[in-house]
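First the structure, then my questions, so here it is.
Chain IDs A, B and C follow the sequence of writing; residue 1 opens each chain.
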Amino acid sequence: MDAVALLQIRQFFGQKKIFLLVLFLAIPIGLSGLVRAFGDLQGDGLELGMTYFLFFLYSQCVVPLLALLYGTGILNSELEGKTLTYLTTRPIAKWKIVASKYAAISACLLGAVLLSLLVSWILLKASGGARLFLGLAASSIGATLVYTAVFAALGSFFQKRPMIIGIVIGVVEFAISFIPALARRMTVTHFLRSLALRIIRPPHLEEIQPLAELAELGPSIAVVAGVIVLALGVAAWVASTREYVMAEQV
Amino acid sequence: MDALVSARNLTKLYGLVIGVNDVTLDIPKGVHGLLGPNGAGKSTLMKLITGQLVPTEGELQVLGERPWNNPSLFRRIGFCPEQDAFYSFLSALEFVTVLARMSGLSWSQAQGRAASALERVGATEFMNRKIATYSKGMRQRTKLAQALVHDPELLILDEPLSGLDPVGRREMTDLLNALAKEGKGILVSSHVLHEVQVVTKEFLLIYAGRVLASGNVHEIRALMNRHPHRITLRSPDGRHLAQQLVRDLPIAGIELDEEKGSFSVLTRDPAGFYDGLGRIVLESGLRVTEMVSEDDNLDAVFRYLVARD
Amino acid sequence: MPIFELGYRSWTGTLRPPAARVWAITKTGIALAFRSKILKRIVFMAWMPLLYFAPLFFGIGYVTDPTRDLEKRGFLVGIAQAFLGETISARLVTDPESVRPVAWSMAYHLYYSGFQAFFTMLVAAIVGPPLISQDVRTKAFLLYFSKPITRVEYLLGKSGTLFFYLFMITLFPGLVLYGISIALSPNLVAFTQTAPMIGKIVASSMIIAVPTTFVVLCFSSLTSDGRYALMGWFSLCLIGETTYHLFWRLLKIREPWVPLFSLRETMRIGIERVLNVQGQISVLGVGKDLQRQLESYSSTCPPELAFGYLAGLFLVGLIVLWHRISAPVRI
């Protein structure tokens, strides 16, 4: 399994899509610079504003896009590159291949995302202190792990156009998470948001988001962890039971 | 029986497309060629054997175990796929080392065994360069090295000679012969018949998803009485010799080629013909300067087997 | 018996003009893209807003018909008040025909900057990314440029494919809607009053189609894997839109360049300028509801900046695209 993980890490840094990763993670840093230059970084509502700004930018925008790019390609990229044969004709169970690749991709993404988040937070004059950074880091970690797992499951089901399907699901889920009804509790976004806001508890939060509508910290972590396990389980099960047919076979 | 591969009514369908059609076979230990034209089902059969596809119907066993979803079997199997695909950012040594590691070797063993496998296939000179810079032949050798690195009992090679120059082909066939002598089971698929004949005389002939024939090529040919054997002879006194042969031997037909100064006989009893030929030549004093059996080979066998009436 | 020569004979006809080669590339691209079931469904859905807008235009025509008794215009006047506001609706009594151009402009503004902007993003995402990236991946470049096809013809052919589908959801339904609206109007005065709308529909469609086409093709030319081009396009749309809303609504940063983050908003500003919604509203008078209406159409970003940005996107996309397809073919 470690050989698969190390190979995945080599692929992660050896492929051209690393440029996309760098670009995606540089965008929030650049935007934070613009906010520092043109925004009002003082005042009462600063911490609340920074919380939502960095939360939406990272956990709802950049991280899901990166997870979509890498998660859907866990086995699909091997299939398209026709290198999957080398992995499936080794004495390694297919579910272990999926798990190892997921672990490697998640670890690489987490490191990159947290580094970018740290730089952005520093650029914004470390608003809100360590608690704000911790809350955003927790939600970014959760977002990275859960979205990568969900899109890995999506990629294992849909070999054609998983990205478009993933984007539609992501946009719909995001929209539903704002509906003040039971439906929002069926979205991962709601629990990631609850996780961040419960840890940070910025001043004036109640003015725009009643605390009662947020999930508690424990259940938020449990739901996110549960979705990760479920999605990975689905991805592993599909990988184990599915035949991967190279284009020229059909 | 200790068969390498054993199949019973094995069928594989891709939707409505037949990949392999009701195949029953036992491949004993040794070296075997799997032959057929493009689209015959060779790759499908290979992928069933290597557990990449699951049979639609029937049973398949490789080294006594089912290959589908049976990763532990791959400690004993080495597979060299047909497709020209690699992790191009790695060198051959890194590539084979990581695959050796995946095969269960420790890190310390893996690199050493990888270097040995690459040396065996003649890839030492370029093994530290990135695969993206390799020629087709270099990539082919790298593929073979990854199949050999964990010292498997059974090697399954899908078009291993593809892309190699004549020298490379000779080196590869020498390697395959050496591996066969070591007692490894080898299943080689190809559509280049004469090259595989150098490696083995045991074949499976596959066409349109069905196994047409299996066994030694000469035995197969001998059984094909519907198609007379064609034997071409050259003699300074061809006409006289031809007359004598027609009179005394079991001959189904004869053709003269005056331009080349030769003639061809068609016979359903090649053994009887060869026996009688020697006697006639001695008794008559006529000379035979050249004799060629044109279709006692795989190409002819295959052509006859797939020809429609 | 005569022996007939059945071997190869040279063709002695006349070669068709370059435009035919461009059309051959475009037609092939259209046919290939049309195999996608998702695309067919999206194009079908992109025409569905006509079901909403056609009755709306009928209602506008009905309430702005001066020959009809105001009382008989009944509940439609109420709907018009909800759509147009009190001040404008009051004009329906004194000068109903003057309201028609304003109402049409507002309706088309909603049509293009709301519904069709969303469908544009989807259609461009499905059709655009594989157009050039697939040629790179499959080395079809070698086939194209072994024929007497210039780089310009190749570029025109490929962009023609995307233009076709974008016009399928912007220009063609816009013109059909215009035709339906004229047909549902009480008399031909509607046509004489709104004839310039045809040019505005074309201009609005071009504002959407031109930068979109060249940005997407630029992404497509940068990679041999269409998925990355797709990611680039979606990221530009989603990250840009999110950034715009974060800056504008959350952080209240209202610099003129902030709307430029959102491609949709930038196009909206350009479309609004073409349709001149604010200018037409202002002519009708003053009032608090009018002020609110004007604010909903206005932006801190001047239209010139928006047009300049869109032109810049077009030029940068074109330059990168040209550079990529002119590069020596790498095998």
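Here is the rule we go by: a contact is a pair of C-beta atoms (placed from the backbone, for glycine too) under 8 Å apart; a residue touches a chain by one contact, two chains touch by 3 or more.
Owing to the predicted nature of the structure, the values given are computational and were not obtained by experimental measurement.
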Chain nearest the global centroid, as defined over all protein CA atoms shown: A
Chain whose Cα centroid lies at the greatest distance from that of chain A: B
Centre distance in Å when chain A and chain C are each reduced to the mean of their C-alpha atoms: 32
CA centroid of chain B to CA centroid of chain C, Å: 60
Chain A-chain B separation of Cα centroids, rounded to whole Å: 50
Touching residues (chain side chain A, partner chain B) in the complex: 2-4, 6-7, 10-11, 14-15, 81-83, 85-94, 240, 243-246, 248-250
In the complex, chain C residues that touch chain A: 38, 125-126, 223, 225, 227-228, 230-232, 234-235, 238-239, 242-243, 246-247, 250-253, 255
Chain C-facing residues of chain A, complex: 16-17, 20, 24, 27, 31, 34-35, 38-40, 49, 52-53, 56-57, 60-62, 65, 68-69, 73, 80, 161, 163-164, 167, 171
Touch list for chain B against partner chain A, complex: 14, 17, 19, 43-44, 47, 50-54, 69, 71-75, 77, 79, 81, 83, 85-87, 89-90, 98-99, 101-104, 146
